[in-house]
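Both complexes shown next keep chain A, but they swap its partner, so chain B is in the first and chain C is in the second.
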Partner chain A sequence: MENVIQTIAYGIVIGALYGLIGLGLGLIMGIMKFLNIAHGTFIMLGGYVSFWLFTLWGIDPYLTIPLVIVAMFLIGLLLYKLTLSPLLKLPHIGMRISNSLLITFGVIYVLDNAMTLVWKADVRTIIASYRGEALNLFGTRVPYTGLAGLGIAVLATVTLYFILSRTYFGKHVRAATQDAEAASLCGVNVQKTYLISCGIATALAGIAGVVIVSSYSVTPTGGLSWLLIGIVVMVLAGEGNINAILPAGIILGLVESASVFVVPIQYRQAIALLIFIIVLMFRPQGLFTKRG
Partner chain B sequence: MSTIRANWKKLLPSGIVVAACIILPMVMEIGTHILSLMVMLFIYIILSQSWNLIGGYTGQINLGLAAFFGCGVLVTHFIWSIGVPIYLAVAAGGISAMFLGGVIGLPTLRLKGVYFAIGTLALAEVCRIVVGNTFTRMVQMPIYYVQNYNLISRYYLGLIVALIAVGVVYLVTNSKLGLAMAAVRDDEEAGQVTGVNTFKYKVLALLISAFLAGLGGGVYAFFQLTFQFVSSVFSPLWTFQPLMAVMIGGVGTLAGPIIGSVFLVILSEVFAITLGEAHLILFGILFILVVLFFPNGLVGFEHKVRQWMAHVRRSRLWRAI
Partner chain C sequence: MLEISHVDVYYGDLQALWDVSLTIGDGEIVTLVGSNGAGKSTILKTISGLLKPKTGSISFDGMCLDKLPAHRIAGLGISMVPEGRRLFPQMSVLENLEMGASRRVARRVRHNTIGWIYELFPVLRQRAKQEANTLSGGEQQMLAIGRALMSHPKLLMIDEMSLGLSPLLVQEISRVIKDINKSRRIAVFLVEQDVNMALSIADRGYIVENGRIQGQGTARALLGSDRIKEAYLGISPAGKGS
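And then the complex of A and B:
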């Protein structure tokens, strides 16, 4: 019984992180219909920025979050300006999607090698004084870093929800998502809306990077496996369904941590792919959307 | 056959190149460095033709070519090491890659959009992690094979498989299957309306493409006898390099992947010496620029230059001269 509760606690903690990863990915996919494959690599980059701030100036990893947000937001703006905005000129939506895939794949390649050059191929992690200590809750151990990750993920999701549903900018985003042409006729600056949402998505990747570097580790090429998880979360939640991403992440986390009872731990990654294929076969519209 | 006879003038230069590739190593001594480069070039040609078939002609972006390649490498390696002749082992590698293609293609190609790209990317990544966790030690052929290693046989196997790959892509794209693939790429809905079973043709194109990639993996297994980390054959690099060759050469053309591969091998040879690791960053930037600004690659560029020359010749200025 204790084992089960421990598994559930672990699943929720890691699932919240999965949700946080899926959030930025789902934002770009939902709004612009671009799939940003480089999202995982941006997560690693955010982790490295935090790692640098920690080692050079000794700032606590969770206090680096505002700085990481600003840095990654600017990088997101650059990404949009340099690589994604030229794609909007393409006439066909299918061409846009496939070209965004190719280009962000190129971005992965550039960033991977740049990060290897700057930070070497070593595994980097932040070991703060409280790392490894855990909260004892009814006989289950929940590490403080995991709890912090859970809190950050929930906070980010709620903030994004309020930005999208309560602000003027959010209104622009929703309008541009539904019909970009009609929105621009009504005076919405679609380009600017896209630009800022791309920045927000990259900033979310940076936040996920901070959570990862403070409770796991970052490597230059480690982004792909986190991206994979983000994509599975996105598919579980259903395309463009941003509010369902955190629950979908937690479901994935629970299934994954429960799978340890069935398959050896080193094959845990394969579970995500299996879930991905099963969901696509039987519920391609996602778990939380009513109709496809 | 008639098309081949009609185009013999066009085929002549490539025929000369192929003949030179066959004859030159027989008559003269070629250094091992050049020979290894040629083997890698053949592998790139095979992989980029394979990517072009599904990505260029059918329009389905495959981001997990490394999965099919790596599967071919592993299966060929282990089947060959138990004493099966190499050509059978390579064929087995191709067939196993085809099965892997079916596993990921059947669920994802039914759906539209990015699912196929995501599925293949996920497949390659999962293969890399699972294989990396399963084979933690170095994998190598028995010592007998290492002693009998000669590069010339690798060269010819690579050449033969590369010719097979080019030939298969040529035959497929000039058949009814090729027409159906073009229909899928240009407008899938219109194709469905006019009675093309798009799902079937997408799967067929993927199976052939995966088979070719598996053969390429077989050649690599024959070329490389020891693997420090087996998971490295599933690294995204094996997807990226062929993809880049296709993009630089020209998507959806037969010559494009070949030209792109030659370009890539020469370029990496030049830059690897002068820039070291940083040359990979340059490659990535070059790739992004090509996708953004030269979507037809070198083949398209050559076409444009020809058009421009014809235009100049017709212009008044030319006549005045």
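And then the complex of A and C:
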């Protein structure tokens, strides 16, 4: 029984991180129909920024988040201006996914090599004083870094929900998503909403990077496995269904950690991909989207 | 107020408009009549900035619109109700209206403006919380016009208002259009297939065929002309009837 509760706790904690990873990816996909496969690489970059602030000035990794948000937001603006915005000229919206995939694949190469130059190919991680310590809840151990990750993921999701549903900017984003041309006729600068959304999505990648560097580790090429998780989460949630991303992440985390009861632990990563295939075969619209 | 002079417009390599010139004065109701594919919607899209003229120029209150993107043109006081309404389907009626007031100036007074829209179309008040895609066709058209009015435009352009609506609704909505034109001096540019209705509320009209302006005149003169009677109203001129 204790084993089961421990597994659930672990599943929720890791699942919240999965949700956080899917959030930025799903935001760009939902709004602009771009598949940013450099998202994992931006996560690593965010982790490095935090790592730098920690090693150079001894700033606690979680306190680096505001700085990481600002830095990654600006990088997101660059990403949009330099690589994604030219794709809006494509004649069909359906061509955006494949072309953005190609372009952001190039971005991965550039960033991978740049990060290797700056931070070497070594595995980097932040060992804060509380790293490895855990909260003991009736025999269930939850690491503090995991709890922090859970809190950050929930906070990020709630904040994003609030921005999209309550602010004028959020309304502009939703309008541009539903009908970009009609939005521009209403006086909405669609390009600008795209630009800022791209900044927000990249900042979200940076936040995920902070969580990862303080519970796991970062390497220049380490983004790929996190990217895969993010894509699985996005598909589980259903395209454009941003509110369902955190629940989808937690479901994935729970299933993945429960799988150790059935299959050996080294198959855990394969479980995510198996779920991915099953969902695409039977519910391609995602678990949470009602309309087919 | 609005002046289009000698405009040529292309879709890629295909020319859609040839040497189009027209004007809309302050507080006027002007209609554009013509058959399907004649270029009526193209003219509206060019004014609103969704298409750009290759030659010629468009000015509004002395301001050149040729280089401005659509959202800037909307900000100058030109509102368009696009063909097929183009509401934001997953946003509520209220949110759709709020979207119409994206300009800062309009945003500040939006609560009053919404009250005014609800007076014009009382059914929208009852539907305020509903998603736009749950509305009937007539309600959607009212919402689309309401959304366009939210920015307090000087010029309201409506593309195919009557499409798919019952004659009673068309009458109701055209009464409202006439009313806002009179009470608020909002100029209206009406693109219609229902030529009879359009000419009955308009001051002036233009006839467009094959991407060219082929005729113009006061609404009364056009209604009486043989050309309009024959081509659009299905009335054969006297003496030539079969």
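One rule holds for everything that comes next: the second predicted complex is superposed on the first by the 292 of 292 C-alpha atoms of A that agree within 3 Å, B and C clash if a C-alpha of one lies under 4 Å from a C-alpha of the other, contacts with A are read in each partner's own complex, and residues count from 1 in each chain.
Rule of thumb we're sticking to: a contact is a pair of C-beta atoms (placed from the backbone, for glycine too) under 8 Å apart; a residue touches a chain by one contact, two chains touch by 3 or more.
As the structure is a computational prediction, the values presented were derived from the model and not from experiment.
Visitor: Between chain B and chain C, pick out the one touching the greater number of residues of chain A.
Guide: Residues of chain A touched, chain B against chain C: more for B.
Visitor: For A:Phe162, is the partner it touches chain B (first), chain C (second), both, or none of the two (neither)?
Guide: neither
Visitor: Is A:Val190 contacted by the first partner chain B, the second partner chain C, both or neither?
Guide: Touch status of A:Val190: second partner only.
Visitor: Which stretch or stretches of chain A touch chain B in the complex?
Guide: 35, 37, 83, 86-87, 94, 97-99, 101-103, 105-110, 113-114, 116-117, 221, 224-225, 227-228, 231-232, 235, 266-267, 269-270, 272-273, 276-277, 280-281, 284
Visitor: Provide the residue numbers of chain A that touch chain C in the complex, in ascending order.
Guide: 168, 171-172, 174-175, 178-179, 181-190
Visitor: Would you pull the chain C residues touching chain A in the complex into a rising list?
Guide: That would be residues 48-50, 69-71, 74-75, 79-80, 82, 86-91, 95, 98-100, 102-103, 107, 147, 151 of chain C.
Visitor: For chain B, which residues count as touching chain A in their complex?
Guide: 59, 61, 63, 104, 107-108, 111, 113-115, 117-119, 121-123, 125-126, 129-130, 133-134, 235-236, 239-240, 243, 247, 277-278, 280-281, 283-285, 287-288, 291-292, 295
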